[in-house]
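Both complexes below contain subunit A, partnered by subunit B and then by subunit C.
Presenting the complex of A and B:
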């Protein structure tokens, strides 16, 4: 009996130590933007309000400060309820901010137990605040517009998978560099423009959404993405392109020594569906079809070579080639590898298997 | 001096006290009848309680024969009455205590003038007077299967069991419990199946019970329990005959008690409380499915509202983004912290249930509808609770009804509240503490000395055939070994597994 009372007492006393945060008494921020302008940092938080019904109404809080760490406390001074970042879904970096390095933010996020590693990161062309303003206040008016946009494109289109976990993995790995989705403002809309590339934690450039398909299939096994290819002569209406829908693609790397130099062979096998193709391309004509397939493979290989050269010129390794080479090399030396990297001979070999072309004969 | 203290005093007296003194005591009561008459030169006295005796039996079987046949046998003695009176098991005794007990049970005592210190005892008890004749087992209803349930008369119950267990090995052991009620309690088991140790334990515990009136088997349940502080029922009490018979053939012991339509089954493990006879009447796939649903219902019922409290109070990070809007919106007008909101609603539902149980059936139905719909809607409109919580609590209440044994369903209602408090004080980790505490408690429980968590702890793989999964009958020939039955198989396991694909 006495022991029972002791237990209840301990429960009550210790219960007082826990800091409760009832869900309706906190300001949940779902998106955060960071900008750097005129020597000052700007932080923008987007939070939902649920007063009119289950539909959300996004609101914004903005503050500026000479340091980064000061931003969230300063946001609190503008908010009626304590600001909580536990439901963060996306963090957007302005281009200027990203150029100066995002380590300060990502390091703190890596240690933050409130945010999940599924948190999305992104880079905005121009200012993050402007983009968030569009998603919050203009036509879109949805706190989760950007996260949904990214997820949708990762799951069914050309964007390679990115999130905080993968960013940190690629950032800390000696054999790869991180990348993030890249957004642009188009009038009153926000558009996904491609993939922003980082050297260590600094933004150094970006590739288009079309090229990001190549990145996606080079990064690993994928089951989605579309790619438009030119296949020669124009038809009656001037159509000369096929739309390649990736069904299943898998890359395979091979690291070889060729005399004193190394060669990296990249084999990519794409199982694709061609949904849209010019009317002159008749399936029954096997020769013509094989020829078109050959052209598609050549163009893909050509574009891949171009992409590799771009990465080599920028001295970045978003595809994690260093990681692959390390996995097949004893005593891999990061510095030596990246000294050789810009001149490395990377040879893509693409095989396209057209699995189906829609309902037909 | 209590109401029944006169009885205690007598018990201490020597059995040699004269019978005349006994009649003197019994005469205090107005329903005690004493008839004296002379037949064929013999002076007879008969004594009985008017309220306990069936007048028809008294007149047709006893009085009639005594008056007509004694003159034909002038030398008849008390011991010879069996030849005259067509009543089974006539006893002649000099023991005043025994005579008293029998007369109080509805026997008629006959004395002859010539043998003043002896009485012949003839049973003329009106056993079924005022008792239910049948029971539709509505408290443990099953759509498929027999509807007959136990009744208050233990004789009928024994009859019902013996009709299905047609074996000489079915043993009924009778004893009398209760210093005042002298209730007839029967231990039933199948000799050669039930472990004699269990039978021994049950007998010993029953014998050592000191109590005055045994109103119901539920009282025996508590007096027999290995641990009286637990909210969990340690023995199944069932009013279904099939359930009791199934327990007997599995090697369990059944305790029946006069005046109670429930049979007590032990030793019971926790799984027994979640199986329903219907599982065995449906095909095994369906039986298994419904059983799993029931287990899910229990877990859901215990954990749903504590998780609501924990997540809304401490773990807003864990809410999926699509649920965030509805939850915050429905909470935005509620002035209480989540724990008060949950307690308020849980207590409302418990009140509804309690009120429904205390009211006549027809009123209770109306109350359920009025309470459920009107109060529920009104509390939400008034902003006292959130709609989401209303659904959570209602579902949890619904899920707790799926437990077939009423006692267990009460326990589930009860243990939710400590869980809610733990969740309110410590959040998710509090729920884990509570679950651990519950498991520790369950692990320490015993039912007639057998671990309560069998076959989980100690782990018995072979006995899992009839726990989560209700295996087909080709697999269940073996009795659950954790009960340590004396005979291993219920029926021939090889014959049960034989495939008959060609009719020969």
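Presenting the complex of A and C:
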């Protein structure tokens, strides 16, 4: 009897603690967009509405406010169900918004225990609202079009890995700057255009998807990515290009002192497969092939140098060179390093190994 | 004055491993990286090692001290023997306060985590009431039950939480370890002092020592437990160093819980909630052991049965949790307890050992004279 009473008491006590939120009684935001226009901030939330079975329809909520923090509470005032941000997959910043700095959002995300570290961030050319609108309209049942697009490209193509954790890591690190995927509106579609670069928390420019291949390799992500190279001068389009697929690549940095200046040597070894090559390039002709390989290496080096110069000119360090130098310098001084950074002599050295050229010759 | 404890209340020597390890690793393991990496950056792991070795020495010292104690075998009877009823009593009362404070701190820190991460609206009293009722039930079972709890408090988290720590290595930046030895010895010592608090917990040994079968032979298990604690902390700090950078850690309240945001399985997207739930099993043994130790002090000191003093103590703890609601208060409480524990273990015990040792020497010399 006494034991039974105890059980009942425990059940009552424990039952009182539950704060359950059934899925059909909340509004799950999956994507969020932030814009800045005419002195006001605009927040756009994309949430799925569940129809019969697995069919979901993306819906949108938009609100504007003079400050950032009350965007989500203001969204609530337009929604019949409580807004939940625990399932956020992607946050898209409009270019204007990103130019003014994204710290307010990222700091609040870093403190928010509800969102995961895998949350993706991105920058939209133009307005985030417009892009989210397009994806909501063109995709019938997929609310996760943009997050899937990013993940797919990170896993198998040129985009270097990004997410909230990596953004914060690079943002807080004194030796690197963050970057995010960059989207553009192309007609009725959203297209991944490359990588948006930040100085601290402000958007300062972007590089193309082609250059992001080089970034991916230089960041030390070893696999995947394709790169088209020009190896001849036969004039006709497509007749002098080679399509390189990265199978395995490893960068190696070396920091040296040369007189009063420092030199950074970057050795990159790419194991690649040539997916497509022009018909005149016959693999059995060793001399010609070696010559083409040489050309590839030169062009890769040239493009890397161009990329480094672009970063140096913008005074940004998305590759974490500062972080590398810190790891080989005692009592590293970040201010002194970044004073020297724009005139730093960075020398890329590329070696390409062609592992195979597919199953035919 | 006191007879030896009956054998059916004793525990096997090897169980000391679980009791010591369970009481050492607590809520501190969730956020010890912050002060450590602030002082010593990428060399923080050296501080972990240094503090751990210091803990080894202190454990050795404690065993030496307790094996001196002839009758009861715990610190209270030692106090009485060497300082007499009154001064010894005051010292033992201080010990009682410390044990109670330790229990309160751990409970409070865990409630704070629950409030921040899982149930923001929960009142502190709801959780602490349930928890203290559970503690009442466990401590009533005696020291053997408490030791049994410690076994599960080590085994289950080890099987569930520990493997999760390795998922973040996906983002590891191994260059974060370099350059090694970039911090001065002074900085390392400062960091090690912060770290020393994370090894606290073995001071409960001062009370449960007489409950060990062939107590002196359990010493190797106590050292093994401490070595294992060093290992766990080293793994956590290694992973934190390669996963975070110094500035990032400074912005996190519980870096270890944020590590748990990385593993993802299809049916549970957010592992940190699982970690927090399982962490009850880490926290619970600490509270039961310290509450048990506190009631044991009361029994030795005032000859009040543990069954009688337990509800009073738990009521005090319950009232205590109602007082500390704000984050800054909780932080101050933790700081006090840490300081008290540090001085108890690192200053008081060695001094006491020196005192006891000289007293014995003098006594022997006096006995030989006539």
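Keep in mind that, in the parts below, the second predicted complex is superposed on the first by the 336 of 361 C-alpha atoms of A that agree within 3 Å, B and C clash if a C-alpha of one lies under 4 Å from a C-alpha of the other, contacts with A are read in each partner's own complex, and residues count from 1 in each chain.
Criterion: a contact is a pair of C-beta atoms (placed from the backbone, for glycine too) under 8 Å apart; a residue touches a chain by one contact, two chains touch by 3 or more.
Source: prediction; values computed, not measured.
**Student:** Is A:48 touching the first partner subunit B, the second partner subunit C, both, or neither of them?
**Tutor:** Once the two structures are laid over each other on A, A:48 reaches subunit B alone.
**Student:** Applying the touch criterion given at the start, work out whether A:328 contacts subunit B, subunit C, both or neither, answering first, second, both or neither.
**Tutor:** second
**Student:** Answer with first, second, both or neither: which of subunit B and subunit C does A:173 touch in the superposed model?
**Tutor:** Second partner only.
**Student:** Touch check for A:110: first (subunit B), second (subunit C), both, or neither?
**Tutor:** In the superposition, A:110 touches subunit C alone.
**Student:** Is A:118 touching the first partner subunit B, the second partner subunit C, both, or neither of them?
**Tutor:** In the superposition, A:118 contacts subunit C only.
**Student:** When the two structures are overlaid on chain A, which partner does A:165 contact: first (subunit B), second (subunit C), both, or neither?
**Tutor:** The answer is second: A:165 touches subunit C but not subunit B.
**Student:** Please report the subunit A residues shared by its interface with subunit B and its interface with subunit C.
**Tutor:** After superposing on chain A, subunit A residues 14, 86, 116 contact both subunit B and subunit C.
**Student:** Subunit A touches which residues of subunit C in the complex?
**Tutor:** 116-117, 119, 121-122, 126-127, 129-130, 171, 173, 175-179, 182, 244-245, 247-248, 251-252, 258, 261-262, 264, 269-270, 272
**Student:** Which of the residues in subunit A come into contact with subunit B in the complex?
**Tutor:** Per the stated touch rule, the residues are 11-12, 14-15, 18, 20-24, 26, 28, 30, 48, 50-51, 53-56, 84, 86-87, 89, 114-116, 144, 147.
**Student:** Which part of subunit B faces subunit A closely enough to touch in the complex?
**Tutor:** The contact residues of subunit B facing subunit A are 311-314, 316-317, 319, 321, 324-332, 334, 337-338, 421-422, 424-427.
**Student:** Once bound in the complex, which stretches of subunit A touch subunit C?
**Tutor:** Touch list, subunit A to subunit C: 13-14, 16-17, 19, 86, 107, 110, 113, 116-118, 165-166, 168-169, 172-174, 323-324, 327-331.
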